[in-house]
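We just call them A, B and C in the order they show up, numbering each chain from 1.
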Amino acid sequence: MSIDKAKALIAGIGKKKLDMYHKDFLLTWEKSLEELEATFDTAKAIKLLRDANVSTRLWDSGIAVSNFRDNSTRTRFSFASASDLLGLYVQDLDEGKSQIAHGETVRETATMISFLAEAIGIRDDMYLGEGDTYQREVGKSLDEAVAAGVLPDRPTVVNLQSDIDHPTQSMADLLHLAERFGGLDKLKGKKLAMTWAYSPSYGKPLSVPQGIIGLATRFGMDVTLAHPEGYDLIPEVVALSARQAKASGGSFKKTFSMDEAFKGADIVYPKSWAPYDVMQKRVPLLHDGNTAGLKDLEKACLANNAKFMDWECTEAKMKLTAAGTAPTGAQALYMHCLPADITGVSCKAGEVAATVFDRYRDDTYREAGWKPYIIAAMILLGKRKDPSATLSALLKRGTPRVI
Amino acid sequence: MSIDKAKALIAGIGKKKLDMYHKDFLLTWEKSLEELEATFDTAKAIKLLRDANVSTRLWDSGIAVSNFRDNSTRTRFSFASASDLLGLYVQDLDEGKSQIAHGETVRETATMISFLAEAIGIRDDMYLGEGDTYQREVGKSLDEAVAAGVLPDRPTVVNLQSDIDHPTQSMADLLHLAERFGGLDKLKGKKLAMTWAYSPSYGKPLSVPQGIIGLATRFGMDVTLAHPEGYDLIPEVVALSARQAKASGGSFKKTFSMDEAFKGADIVYPKSWAPYDVMQKRVPLLHDGNTAGLKDLEKACLANNAKFMDWECTEAKMKLTAAGTAPTGAQALYMHCLPADITGVSCKAGEVAATVFDRYRDDTYREAGWKPYIIAAMILLGKRKDPSATLSALLKRGTPRVI
Amino acid sequence: MSIDKAKALIAGIGKKKLDMYHKDFLLTWEKSLEELEATFDTAKAIKLLRDANVSTRLWDSGIAVSNFRDNSTRTRFSFASASDLLGLYVQDLDEGKSQIAHGETVRETATMISFLAEAIGIRDDMYLGEGDTYQREVGKSLDEAVAAGVLPDRPTVVNLQSDIDHPTQSMADLLHLAERFGGLDKLKGKKLAMTWAYSPSYGKPLSVPQGIIGLATRFGMDVTLAHPEGYDLIPEVVALSARQAKASGGSFKKTFSMDEAFKGADIVYPKSWAPYDVMQKRVPLLHDGNTAGLKDLEKACLANNAKFMDWECTEAKMKLTAAGTAPTGAQALYMHCLPADITGVSCKAGEVAATVFDRYRDDTYREAGWKPYIIAAMILLGKRKDPSATLSALLKRGTPRVI
């Protein structure tokens, strides 16, 4: 049965008009709706094949490069799992203390690590204005090296979180939503509240909320972005989300009230982030290694955060949702990219009440469980000209994943 | 011939009553005798298949997670080798400086790393009273995640050394003994001296001597535990060893004299460890990062150690053994988990005289050589319902390990 | 067509007289000409098979150990790529802060990491007089462990850069030359200038220039070694290069003038290194952790370097070459092991002018691109008795590298 479902998905992928071959996956809004759907369907197909014990090892040998310019546990495991699922060996590019300089050196490093590489996953989310730029520089260097005949094939770059977007997260989130609500088409008209939440930490990247509003607005959802005054996201991403909502037949609005966002919501995504202008101030301090300056900025930022400790996803707030249409029944579906700051558990006061989190814990785990498959789909679609044929070939080969 | 031997072992494994599927391997004394035998036989069968150039790659893709909360070279290599032998890719969970907290977070981390994981190897031996507890918490979290449908399958947890037991070591040690003495049944009545030995270092875990007395007493051996007064092991493990010796038709005694333990011994295992109460005092100091307190404790402990510098496995001591029945002829078989503190080689005065160690060097290397196979067996038995059928399938498939 | 070429190479390899099985690859001058040619041809054959989408995964499971005693990005990736290409899983031996002591411990560590290992790659280039010695100690330990029956098979040791030679670099360099000039035989009589160049850093190993003169003189080339007075290489390697040049019908000369070396050169290799006697003085300072002493030495060395800032590969210098016979036409082929110190790009003043480097950038990338294949060839030749038969078997099996 899992095989039949896989076959149907694979056939569907073959009918889509895609321009993903030898392209990178950096921002969801650079992809067409069909391409996003193909990514979801490929992720699901890979999962179904694995469930049916069909090996999805496309490659008998090949390298996947991971380049984490910020700490990571779950994305690191997701990338490793995805790579292994396709038959790729992960080699980590550990830049150590010497940040690889921009300019000439990116070009050279990108080439040197790519002679036998199929995919390069990059996390670069600390420096606002730089992460996405760096990923594009890598991609451009690869194009040049392929054009010069220096590389035998173009590795595909997968954004594992930049300053702008976090597509492996947002795509896993949306696929989770589609599965919970009964299909991508069922998301139309559903109200999603992407709201800031209080946390006793600071400097959390903007890419998760940006990724969510930048993706959910593609599917006709009614998206509300809520945060205290001053906790802005990158203006261009907010503007783009509004345009996309309009185009997809959904809506997009901003509010400074968490309650307003929660009212009648089908889905709530309460999550802390640092204000846009704080992230901007932080970049030169990080570059200068200005520890004192960073300490001061953190102190000011935490003091400001403390004014908004009531931005917590409590039981009272959840009662405002009373969605009815959500798969969880009387209340909205709670989402989080994890780890959440849980009041009384991981901190004294945080983003979410322990009882709320507990009720949705398994949901958030399921949400995270899609990430390896989404990454595998992104790699496969960036590397195979006819992904439908490739998936069919895997099915036909029928190598068991485990004896 | 190696194939015929493998076939016989595989058939034997099929006849054993096992309850190891989807269970963890944490303490040998939680396993039945048949389960221990199955582990030995599976390890031997895997080695025989490899010797015959039959690939034992069960998995075409899959992740093995290693989590080393203490330094390790040989166990790290053993785990990697075992995983690779079965077709699993090792992804290391490097907790870095941020020790993953107990409680909520263990549950979440355990799930996050396990979406595509088949096995999780954990070393956590520094904190008396905590290592085994942590491993059980991971196991419980996995059970919950499987029950909730969050994980597709239950990864098996392998104890790569806890505060209580070091089963991959003790099982490799026992398999080495069985091979040297001509069979597990030949160990009955053999005298094994597990004795403390002097070392110019402190804080060595108790899990090796505990593992040895907790396992050797299962096979009817005459086990003597020797150490200076005050160098106790965990009392419960000592009591359990005495009970087990009785039940298996062997014996267990304690002595404060190394000479007495060596007298007539067939096997000697001289190895340093820290006293139980020192390890207990050390835990809060480690947690508090109390460097001064740790220094003081180390100083006191080393001063105390220095009173027992004559607890060295010298030629004179070896002459006390004069076993006759040991495979090495006139003297007992010397064992060590390595690296040993060798007098005049790795330290001025240590656990063993250089000439003694030299004579048994290859034996200790052979002893260590079983570890990858023991770990592979533990993983296989924890993950396959019918391990005998799985091994047969590998044999039937007959993929060469190397062309 | 790529398959036909591969077949021809494979047949040729079968006709060569080789004594590489169960041997290590430490210094090119320990290998016969036929062995060097076999290494080139095996590297090319593996690349051709990969180009034709034929999997070169010899091993279905097996470990390749990497031991980097100095930082590395490109060699690390090359070794990982080579290992993966053959089906080996790379396990890194990270000695951390505790440098593994010489003597007893090398023997033990070498054995402990090798129970299931097929290859061990070692970089140890910091300590003049020690790197090559260490690699030999590892090899000797492996021989002993195999002789004692402790190891099932002899892993092959590949020198990933020692204090004396850098064979994976020099072999990739020579293969690049052979490809660019139309064959190994076409190198006869070509003038190669291996010259020192200015760099604002110090302490760069001698193994690259030594590797180049020690290898190029095997093939009848006219090799000129140029450096400022005092920037000597290991005298024995220089003497050996002179002898080899004579034997191969080429020539070898030394000069203190960069211009003289460049005059009429077909190939130029301008690259910085530290003077031999500085490297000698550095060893005890490194061992003592004498930071102040190292700082002083660096200061003196940099001050001395600064006298030779005109040793830069400029456009004017390139005009001296005007080779005509070089594949690049009017000027010599520029080579570098990368990363180069490029004036105005990676430093204010360095080894090479930006315009020169830019013109040859793709050439240097192609040069580097051979490294994974050279390493794979070294492993294959050290591990398979009949490499030609092994390569034929891969071709016959015909497993696609990617579906």
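Assume a residue touches a chain if its C-beta (ideal position, glycine included) is under 8 Å from a C-beta of that chain, and two chains touch if they have at least 3 such contacts.
These numbers come from a predicted model, not from an experiment.
A.B. asks: If every chain is a node and every touching pair an edge, decide which shape results: line, ring, star, complete or other.
C.D. replies: Graph shape, chains as nodes and touching pairs as edges: complete.
A.B. asks: Counting residue numbers used by both copies over all numbers at the interface, does the chain A-chain B contact come out same (over half shared) or different (under half)?
C.D. replies: Under half shared, hence different.
A.B. asks: For chain A versus chain B, what separation do you get between their C-alpha means, in angstrom?
C.D. replies: Once rounded, the distance between the two centres reads 41 Å.
A.B. asks: Among the residues of chain B, which ones contact at least 2 other chains?
C.D. replies: Residue numbers touching two or more other chains: 89.
A.B. asks: Under the touch definition given earlier, write down the residues of chain C that touch chain B in their complex.
C.D. replies: 58-63, 65, 89, 91, 93, 96, 101, 103-105, 108-109, 111-113, 115-118, 145, 148-152, 390, 393-394, 397
A.B. asks: List the residues on chain C that touch chain A in their complex, please.
C.D. replies: Listed in rising order, the residues are 50-51, 55-57, 71, 73-74, 76-78, 80-81, 84-87, 89-90, 338-339, 342, 345-346, 362, 365-366, 368-369, 371-372, 399-403.
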